[in-house]
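Dropping the structures in below, format is structure tokens.
Common to both upcoming complexes is chain A, partnered first by chain B, then by chain C.
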Partner chain A sequence: MTRRGFHASVLALVAATATPAFAQDAELSIGMAAPITSLDPHEDSNSPNNATSRHIWDSLINRGGSAENKPQLAESWEVVDDTHWRFHLREGVTFHDGSAFDADDVVASLIRARDKESQAFASYTRNISEVIAEDPLTVVVETAVPDPMILNSLSRIRIISSDYAEADVAEFENGPAAVGTGPFKLVSYTPGDRVELERNEDYFDGASEWSKVTLRLVPDNGGRLASLLAGDLDLIENLPAEGVARVESSNGMKVIRGQSTRLVYLGMDVSRDESPFVTAKDGSALGSNPLKDARVRKALLMAMNREAIVDRVMQKNGTVADQYVAEGFFGHSDEVEHVAYDPEGAKALLAEAGYPDGFALTIHGPSGRYVNDSEVVQAAGQMLTRIGIDTKVEVLPWSVYSNNYSNGEYSLFLGSWGVNTGEVSNPALAVVAGRDADKGTGRYNGGGIDVPEINDLLDQATASLDEAEREPLLQEVSKLTFEDTWLLPMHYENVVMGARTGIEFKPRGDKYTLAYEVKSAE
Partner chain B sequence: MITNLIRRGIQALFVIFAMTLIVFVGVNVIGNPVDILINPDLNQAERLRVMQNLGLDQPLWRQYLSFLAGLAEGDFGDSFVYGRPALGVILERLPATLELALAAMVIAIVVGLPLGLYAGLYPDRLSSKLIMTGSILGFSLPTFWVGLMFILLFAVQLGWLPSNGRGETAGAWSFLTGDGLRHLILPALNLALFKTSLILRLTRAGVQEVIAQDFVKFARAKGLLERRVVLVHILKNLMIPVVTIIGLEFGSLIAFSVVTESIFGWPGMGKLIIDSINLLDRPVIVAYLMMMVVLFVTLNFVIDICYTLLDPRVRLDGKG
Partner chain C sequence: MDSKLADAAQIAPPKPRASAALLRFLKAPTALIGVIGLTLVVGVAVFAPILSPQDPYDLMQLDIMDSRLPPGSESFTGVPYHLGTDGQGRDILSGIMYGLRTSLIVGIVSAFVAALIGTTLGLLAAYLGGRGEALLMRLVDLQLSFPTILMALMVLAILGNGVTNVVLAIIVAEWATYARTARGTALVEREKEYIEAARCLRIPARRILLRHMLPNCLAPIIVIATMQVARAIGLEATLSFLGLGASVTQPSLGMLIANGYQYLLSGLYWISFYPGIALLITIVCINLVGDRLRDVLNPRNAR
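Moving on, here comes the complex of A and B:
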């Protein structure tokens, strides 16, 4: 080989290996906005925990960013009858410790999640009566009642190795039991600080491009932003509104936006004949509850300049909402019309309903629970005052507020629901269905809404497994709810993230930040 | 000495007892932990099961009695949020807090004491006046603002130090590794700023008080070396208030460095207690406050022992 030829071949070799070698060593640091409470995937069900556990563990069903159900550990499935589902498991999958994945692991995981003392996953497991391993690669799930949401539920429950079915929380946090089939292996976990992960080279869906992933837990907004600017983090959740301009103007940084499924709404007391926080303007009793009148409720919505709230108060971190879910999600109704900002029309409607001079009320809201929640409540209060309703604003810490509003102690209040199933029955059952302890409906129906038609539609929709049958039912629920303005829809919170320019990520409806879905832009 | 120790122990027990009562009643006045902790998707029957598991379905007095019964066996109960023993949740964060507090205190003493001495001995020099002006800044600038400025300057602009987190640890400690040390510098400086100013000003005031006293004049008249006059006669006599402050401030560094811990993402106990209060995680709040009572009682005792070492006239048995 000549000298020149040798050089050329070395160069070719370097060129051939350089790019992939670089990609293989790529590391990713993500700044999470909320701390996780446990690494045990069945101990506590909240977004940060569930997002973190998805790195290490898989589920039978893979939830996509728009809440669609895709195969993961289950390759395919079929409905046997109303209460039986058969799942065919993926072959050749192994856990991080090398043991093979089979039907016993599925049985152990589903039962563990169902029977765990914390009951964190009860809303997903409550209908699972039995899980049967027919053979090592086939599982049948028996439900107590026909459960149309079972696929969504199963997408929530991580499959652990049956060896660790009896393990307690500490064994997961220290590592030995934190063995999954997922795209990343646990390296270490420091509570309140970070979760360190390394790539699972044998991941069935192809190894991630990130060899090492660090999930940093940085709840402090300023700290998270600074870490991004300093280059310590590649991608941060919940970019604070005051940091958007800074990131946009920085070289090598960008803002990533997407829409979440979290609906923020105003609820109203529509059940009592006299509502505790609604009075005449001089403070005397009104003798009636104007919020029971659909015209008054519509007037309140017309008084809201929601575009301005989204634009100014939310700093574009929200999208105006008209119903439970945005277009494209299951149960969205095309017949719900956008109610435009119209203060004059609102005054006319109030007069028509018998309140030409308005009245006085107090609006309640939490502080620090949702994005700019107390500011939204204040803006809403001012807008109501403009149509002649004297509005006082009261904001309370979440620990005090949550109990009061769900128990119907307020007249007009800010509420929110993260529609984590991506379809209408989930929010409707919780916040609009009549309260019924036996059925478990209406738990967060703080306004005492009880509309027989809506309740019946929801009963039918939750009993049917046929999507084609369910869809019109839920669309009708959306239509009835917002035609009579039982809730005042305000906005969907946006997902706003900061990243360095080399990072591509499509925000998910459930706001999870999954390293496996983060790509480097080449 | 021994009787004193026992007496203090008994006092501490009373304080702890009163405190547990206050926390139990207080948490229930703020709100219902169940509403905070339980997944909103659960139905009423499932909520009831969780409440039973946590013992929250019982009347408050019975919850308190079973807490006391557990305490007698050294069991502080399981955290509502973390599902693990509350004491363990706190203790695993103790090293982070301890090393941050110690580092800050060492900086405060090493910088504050000599500068205070200098400013007290030579009050008319320009450098002394600069030091005193600087200490006013250290006093009055809010910690969170200084912390953010530190981050902006040293991490974002200059890129010298990491902005956030604890870095690599050796065992439970991060000051043993280079990376950990680099992470420690900014938060420790941030915490130390106020304490340094405090010690500096106390020392200076002490020096000016002591320097005018007869025994100092006598020592100088005797022809003692200036170094001996300063280090033995002056320093030792001004140390009593300084030691008191160092002790108490060390306690508050451990217990209440919440702001610095939040800004720098330092996984210590301060962050934990604020989270726990927001989530009404009663077992952690109670265990934490009990630890703090013990800590402050112990610190006060250590301070008292220091007094006797510094000033032989002070006796611990109360007769001196």
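Moving on, here comes the complex of A and C:
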């Protein structure tokens, strides 16, 4: 036994029993569904990049799978005042090149991310005005305004070595600058093909059980599935719905399901007095916008057989949604009631609102953006037709659709929001808050929703740093939004992965696939 | 001189008698199969509202709970799905019948209009000659150097989706073929004595073009037009398959195939398979007819 192997096995005994097989030479190949655009952790912010960079680098805060903030390079933190946060750094952490981690690295990383030309992380760094190293293990972050989401923001910025603060993108992609404190070291990166990693034996949280990890970039659904079935990959992201039965029936393969925080909803034009795609059944003008009436909106929701959509269209790869976030997430309101499928009740409500014979409308949706998006829109069209609303379905390419819907050009449209922060203010500010360019709210509010009570609650919630104070405010936002049916919540997209049976992985809400969290069941 | 006399005086090749041509046409068994098949296909398309068990374009009649049922299943209300249903609970058989309508209309209209435009321009170019001809023919060359599908995709990118736009796109993509053929044939005819005679008699250009040259150039155009109907149907199917064709709730054959494509790996073959067969039969029948037409109309084969 080599000295190193001996070392590792002693460590294995000492380490928590959660990682029983960790000192063995075990290799893991993951099929990623979307390509990464850069290995520079501050160059471009998108899920595949950020998931990949988490293998090599750590952040101050560790964002858990259910969007909880846990210590990572910062061992603990405290609020000094409304605009100052003090972080106590972990002692004894080293970078892959052996140099020690300290406060200078944090300062260099946060400033680099903030000032980088690409401005990819601007939404996370815009409030950071100054980062001060008080001593080698203490950092104070000063924000321009009180920022309750600062922990979430910091969890997104990877901490690089201050030696490479000036390094450009190429130096990260060729390797020399790709030195982090994370659980894996970079071996090689082939753009558009793969990232090869090896275990960081000295990882502060215990070395991974995988000695070698390959992240294969396989955007093609069929190719990814075929590679899994052929045994080239151990775990694949976004198992296509039509491949689920195939994987389930294969020996030694399994499907891993989890809930994501992506809410799919139908938005309605509630601002105009006459909506462009709502007419009387004979095509003449209706003279009013029925969608402004809360009873009509409720009737639309009662018409939706959402269980059937999840079961038949999503092929069980979704969960029926009733509000922004599922139970257990910050801002979920217990007072929002599930609206059951009830076409007769919906017709009665329409009649009560003054539309006993219904009306005609066009529902718009994208194709190829969300899971089964065009099928969901068609199914919704069927269901509306059944309560006496003559429905036309129009599906457009995402490039055309994305601008049109967020600018409020449609009457009834499919929308979706990935709740990356795992709390209600994130979707509510973007989708339901009144449109206000200065405050940066309502950017994706395609229905023109503008409810003063909701706006006020959101203003209060975003100005407060106290979680205990924020929670009831956001719960009230959830309640007000769905009590008056300002949005029609459809479902949360599920995370569906394929794996060989020896692999255990709990899918994360943000859909990141992290090798460090993959365990072997053997 | 009386122009009627002039027409009578033309020295055009003798026209084959229609009934004889028809007889000769039907002599080949393949042509007979083609004609019978085509009659069936057109009949099904025309009478789709009467024949089909379901109106696949009426959202009221679709039920998501009936989605992806295998062939031979029955709906909740007892309507049989002979060929199964697709992901929206649409009866595949009804979908094919209605889809054939879209496909045939697109094929025939686009082939006809493209033939009209292409032939007119080709004849004009041949008759007028000179710069106009050179310009037009270089344009034709330029266009024929692009793959048809690329041409159609470019047009659809500008115009947007929809059946009408698909027809337009196919016309834009296909007119050049007719123009080149028409010009080629017309050039040969132009040098013949009867045209010379007609010119000497000072018959107006329009009349020479329409009454003398066009009828004698028509045979190859008809053959190409027949084949182009099949090509246009195929092209429409391709464009719909790529999601650029008809509306999602009024699927053509190509879109029906596309809808089922994703399920092929999981064994739900019928969603793509049967519309594919319908498309295949349609195109093969048209091509059989077109092939035979070419043989019959080719003077070299006349015995």
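Just so it is clear, the second predicted complex is superposed on the first by the 499 of 522 C-alpha atoms of A that agree within 3 Å, B and C clash if a C-alpha of one lies under 4 Å from a C-alpha of the other, contacts with A are read in each partner's own complex, and residues count from 1 in each chain.
Everything that follows uses one rule, which is that contacts are C-beta pairs under 8 Å (C-beta built on N, C-alpha and C of every residue); 3 or more make two chains touch, one makes a residue touch a chain.
Note that the structure is a prediction, hence the values are computed from the model and not measured.
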**OP:** Put chain B and chain C onto chain A via the superposition and say whether they clash or fit.
**Re:** fit
Original post:
More residues of chain A are touched by which partner: chain B or chain C?
Top reply: B
Original post:
Now for A:Arg257: first (chain B), second (chain C), both, or neither, which partner does it touch?
Top reply: neither
**OP:** In the overlay, answer first, second, both or neither for which of chain B and chain C A:Glu43 touches.
**Re:** first
Original post:
Counting only touches as set out at the top, which of chain B and chain C does A:Lys519 meet: first, second, both, neither?
Top reply: neither
Original post:
If you stack the two complexes on chain A, which partner ends up touching A:Arg216: first (chain B), second (chain C), both, or neither?
Top reply: first
**OP:** Using the touch definition from the top, say if A:Arg272 reaches chain B (first), chain C (second), both or neither.
**Re:** neither
**OP:** Consider the C-alpha centres of chain B and chain C from the C-alpha centre of chain A, and write down the angle between them to the nearest 10 degrees.
**Re:** 40
**OP:** Report for A:Gly381: first if it touches chain B alone, second if chain C alone, otherwise both or neither.
**Re:** second
**OP:** Could you grab the smallest C-alpha gap between chain B and chain C in the overlay, to the nearest Å?
**Re:** 8
**OP:** Could you tell me which stretches of chain A are touched by chain B in one complex and by chain C in the other?
**Re:** 222, 397
Original post:
Which of the residues in chain B end up touching chain A in this complex?
Top reply: 30-32, 35-36, 39-46, 49-50, 53, 81-84, 88-89, 92-93, 148, 151-152, 155-156, 159, 162-166, 169, 262-265, 267-268, 271-272, 275, 278-280
Original post:
Taking the complex as given, what residues does chain A use to touch chain C?
Top reply: 222, 225, 240-246, 305, 308-309, 312-313, 367-368, 374-375, 377-379, 381-383, 385-386, 391-397
**OP:** Quick one: which bits of chain A touch chain B in the complex? Just the residue numbers, please.
**Re:** 35, 37-38, 40, 43-46, 117-120, 122-123, 126, 169-170, 173, 190-194, 216-220, 222-224, 226-227, 229-233, 397-400, 402-403, 406, 417, 426, 430, 437, 439-441, 443-444
Original post:
chain A touches which residues of chain C in the complex?
Top reply: 59-60, 62-65, 67-68, 87-89, 161, 243, 247-249, 262-268
